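Sending over a structure as structure tokens; questions will come in a sec.
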């Protein structure tokens, strides 16, 4: 018997709201955050919804407090999240490094705004190098996922929770105001009950077991070196098992564009224009920015000699593409930083220039 | 009672009405049907009976600093 | 009588230091009043040309568009640290910060308390409008109990959200500050008192007495979702009772520890 | 089918809402759609804008520099966006604030809609933007009554449900005007 | 008599929760006393098995080596934020932070004030030894006027360095906290009082009364460059007069705002 | 007439102290900082010395306050500095981004400790990617210099001040506890009087001129994009005019090692061992990590096909070397993170493995 | 006066001397010439005249928690 | 000329100071030199260590895993570092805490110095480490009296200048002991 009203239906949803709802679907019941444009829809939505489902919303006194509350809640075993933008994320770098060092899962939503400094609230991809380099001090990386549609805002934030728990590592969802503010139809379905997480390492009081300890200080001789190599192994496993990328029009491509997130949407449009003119352009869209789809880039560039990187910044992903490109391929760049958006027509022109 | 008057820079006024409310003499009204370049109906000084005392209340409260207040010379007071 | 007569003098006009442009503030926003009072004070003491303003991030971030003085834009919450840096370099200049309640009392708590405690010789102009104006009306540390904001949709509750912080009272317990006062923009009479407090605060600085602090209760009609008049009423009837007006600390020269 | 459209006007003229309704209608039609507003500090300028893209295929860019259609509710928006419209595209303008002589393009299908007048006839001045939307839909054929009705029902639900008929009527009157006046 | 006779009972022994190992603390360091008091309290209430400690960064960072409880190591200064996160998840568990004066009063000022203001239902154990012990004796916000440290080589001066902050008094002005006290480790009598205060603080938490805070004046012989005995004397003669002992706030159930 | 007592003489000096004294030589009279091991010698030395020469030492309440005081003092026109290590530098990322965005000069000394998290105080080069990626949010870079001797600690901190002023950009001196704690003979000479700096943009009060404004908010249409490209131009100029690297034994080298900072010292020793065994190994030591000596690496690898990168981390500089290496060259890596130090003997073994 | 005694775990003692100073009866001394594994001269309980009252002062003040204090049963007091 | 050396002992035995003096002497000799201490948390362990490298060429690594010489003032340090010494290198040990039978290496030049006894003869127990330094210098020939004297004068200046003679004497006595007892 099919009752269609019970079936998941498409609904128009704002990207930021899709993230917040996605977090609730993932069983996240603890949110700690501080207002900053252009991500305020997330705390606003969650401050209304969390109390309804037994969750806790805390508006912290700052982004530093937010990330440290997240650290505390995560150590206590809860799925938890914060969200912010440039200046706020910079303030969280110490905390993110501690999360990585203490091997704690956490989800950090990063809705970028233009910078450096106070900058402005326009969309940008100018925080790519900050997030993919780990961001904070020390030898570590954050997992970084970059959605390119509202549906992915909803689903990838859930993937972030899963990967964060799987690897006991912070995971960042990197997006911007284009995806955050736009609406698209999404299929959301009813909010499931949170699944119990098995976290024997969590701090719950040591009744009936030996004490648990969560720390990032390693003072013993050689202890930290062991820990650092352990993290490297973790990242290698992440690379092997959870690298994600989308390929479009790659079957017959003679020219590759690499682009991620909102920018890949403009690129998609530009490729339609290009294909209409007979130019066989394909798209590789990294979904995980860390781990970066190194192997894929290497393999594809073995046979396709031209790669154009398109970004909404001054060229931050180029190094990652170049270093993984097959020797014979050339890498070009087209970018618009500071809120400038590459239009499909602009990109088409660049395709023609380098094809 | 001292006599005074005010000047409202209507192009700066946002029509918030605070001056209207504080003038005990009811000397200020929001200009009917008028819209300035900022898109607001500005306040207007109307003092048919010359009741303005130059008490400055309106100017004090105006958040957009649109109001200049004038007062009669006091006898013997320096005009500076 | 619509035009000033010959025998009349201007007894109230735009201060010189206030640039002749339009505020971007919403109708009925008291940020405008405070800008005016600060400009008047700088004119009064003739110090605008040697003044450096430090703008917090909030609706006041465009301070530099309105006051004809040198201005530094500080990161959100850190204006007191910036002002410390500026004043340590220019001991003979006048330095003030201009900050909202989110800026000063939430993220900037540590910098504010410590600058106050060090007795840094600058002035803090603190506009408390009970929420985050610029970012769309979220809850601030100063949001009243029961007040609905975009992040306290069910009204602020002391359980969970905590209490509205009275910054003036808290800072007044420290040894560092010289002058700590709270004033309000709800009536002309209170604005006159606000002017006095701001003057006093700058005078303290000019006299090298150390840290001076004026909290100014202000309305944010836009995010309170009220018109200007009703906002002033709310300010008067709800904010002033919780945040009492007055001078909480005033140092005379002799009483340093 | 691919259609992209910019809608712009003063804040308060209901721009974001008619954009919303258009996108809901398109979704009801089984299409892909994106709706992108202007936001934040941008909004303080007093103008509102949104971009709606409708397509049977996966949608790339949610913004456009050369829309197939444009709906402007005030003069500054006309001045800004008229030149963006693709040749042959549709340009619907609010006759309350814009005159024939304000147009500069002749390679687009233009229509000046007396939105306020029609809205008043419909019985509620606040439906002026719906009138404009109706005219726009008629000019572009981008959706139809079932979609629009569904969209209105989603938009005005619960206590507001009683607003559906009058808004639908405004849309229909807009369409009628367009049918009768398009060149 | 060197061995206890048959008919004698142990009336004072190592608390169970205190792991039988050697402290890394320097001779005469009062961190040891405070660890002992906390362990005793957890034993007293029988809550060690449901307690989560949050260690600040400072000489107390190895809390987990000494107390047989679950422990989280917080970044320097942020323990109150971590404790907020932990306690919001485990409302039925006992949570406390253990922090030094650099940690809590300098870098952690904002997190401390706001946790207190929110009335978070956990306990703060605040060891004030007037300087940064772990990093080699630098000046802290609590360093006394005139006191020489490695970064106040000419003695702390209120001009430039500011005043020693009295955290307990300042926090007591907030609505949030339920219990705020200051005690000292300079004499057995004071240590007895310290025990009472720590017990009271945890009791408040157990009774869901909200934020409780105990400041404990302590000696750091190593960085004071004094022997243990002289340190206790300095504590008594110089610290206690500036940092008065006592209970600054104690809430009874009814008086929430 | 030569009076040798007046001549600059060699003296044994600790690296951290050499930095502090170097800053005083550069005319820096304002220091704002917060204690953290292993850089405490710097604030301790300056708290004693600055008052003697009319300077100001402020122990801030945190690293966030430190960097913001620096921002204020710099805006006021002063040469000023802060210093810290991992966790503290992470907290400064927002401030550093603001410095870059506001185009303010400032010197930040970074004496690394092992991480992520609290980590430990052992020497490491695990903060390479943090500093060379800018660190904070937005499209910007910090100038980064890496000394490899105590003499360079003294001189390069001065270069940092000069470059920071020249480019109106933050400059970071990146070092670690090896160089910070060790003593070497240095030639220091008498401390000169500070030179007046010409900073017409500084905030001094607008008496007699139009008002100055220091900000990083750019809300005008396209303003931020212009600003971002302006910064890119600045970085290009920096690359062209101020890239620094040292080459040792490169004349006849058949195998290149790339290493920086303290690690390059171990490499030097290993090359001596290698050369004694007839292995023609050369060293390229980047002195500026940003700008990275891209051209040099490219040119040298045109004729020398093997490059070994040696770092005290898990391989953070490798990407920069690889992406600039001539197509025909292979890049290998040997690293020790977490306080592990590669001994000359260890490195020799790696040389032999890859030679 | 109640009678008591103490036990000092000399291997844990850091010789800080605080217990020595607080014992009003002078029952504790720093052990001459002895060095424990931690490298300190530890405190030693000497109570030739049996004057220890079991007052706990020494144990209270000991930062390293080395001291156990015993006291005679009080008549009628529960031995638990 | 290249010489690297590890000196180690209890904190308080003057390890860092004699390392300092050795490096100052080498500097006075016109050589390059590095001095590297253990520091921070490491120091809390109660042991002190420093590494001194002396060379006519530019010095690479300031640390060493195979020193040409080693001076140990206590047993734990002997246990830790004895095996590090290069074959043929010098190993000077403090006879106050170490016995002949503690040694395990026979491929290095070992010397046990009764530092306390000699220091007492010199007239100040606190010069024990100087005695050891003297013996070390003699065993390795890494510097000589002029350098050491200059180093002592730099180390003990101003009010402490009066300490130079007795420390120099301690060094000389250490050298004498080494001359007479080296195998």
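So that you can tell them apart, the chains are marked A, B, C, D, E, F, G and H in the order they are listed, and the count of residues begins at 1 in each.
Everything below uses one rule, namely that a contact is a pair of C-beta atoms (placed from the backbone, for glycine too) under 8 Å apart; a residue touches a chain by one contact, two chains touch by 3 or more.
Keep in mind that what you see is a predicted model, and the values were worked out from it rather than measured.
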* Shortest walk length in steps over touching chains, chain D through to chain G -> 3
* Touching both chain A and chain F: give me those chains, sorted by label. => C, E
* Structure fact -> CA centroids of chain C and chain F: separation to the nearest Å works out as 40
* Structure fact -> Taking each chain's centre as the mean of its CA atoms, chain F sits from chain H at a distance in Å of 34
* Asked: How far is the middle of chain B from the middle of chain H, if each middle is the mean of its Cα atoms, in Å?
  -> 89
* Whole-Å gap separating chain G and chain H, where each centre is the average of the chain's CA atoms -> 43
* To do: Please set out, as single numbers or ranges, the residues of chain F touching at least two other chains.
  => 37, 56, 58, 61-62, 64, 87, 94, 98, 102, 117-118, 120, 215-217, 219
* Structure fact -> Within chain B, the set of residues that touch 2 or more other chains is none
* Asked: On chain H, where are the residues touching two or more other chains?
  -> 41
* Would you mind writing out the residues of chain E in touch with chain C in their complex? => 106-110, 113-114, 117-119, 141, 145, 158-163, 165-166, 169-170, 173-176, 256-257
* **Interface residues, chain E side, partner chain F - complex** => 57, 61, 73, 75-77, 102, 106-107, 109, 132, 135-136, 138-139, 141, 150-154, 160-161
* chain A touches which residues of chain D in the complex? -> 20, 23-24, 27, 32-37, 39-42, 58-66
* Asked: chain E touches which residues of chain A in the complex?
  -> 30, 32, 56, 58, 60-62, 64-66, 68-78, 80, 94-95, 98, 102, 203-208, 211-217
* Structure fact -> Per the touch rule, the chain A residues reaching chain F in their complex are 64, 85-87, 89-91, 93-94, 97-98, 100-102, 112, 114-120, 122, 124, 126-127, 129-130, 133-140, 215-219, 222-229, 231-232, 313-314, 316, 319-320, 322-323, 327, 336-340
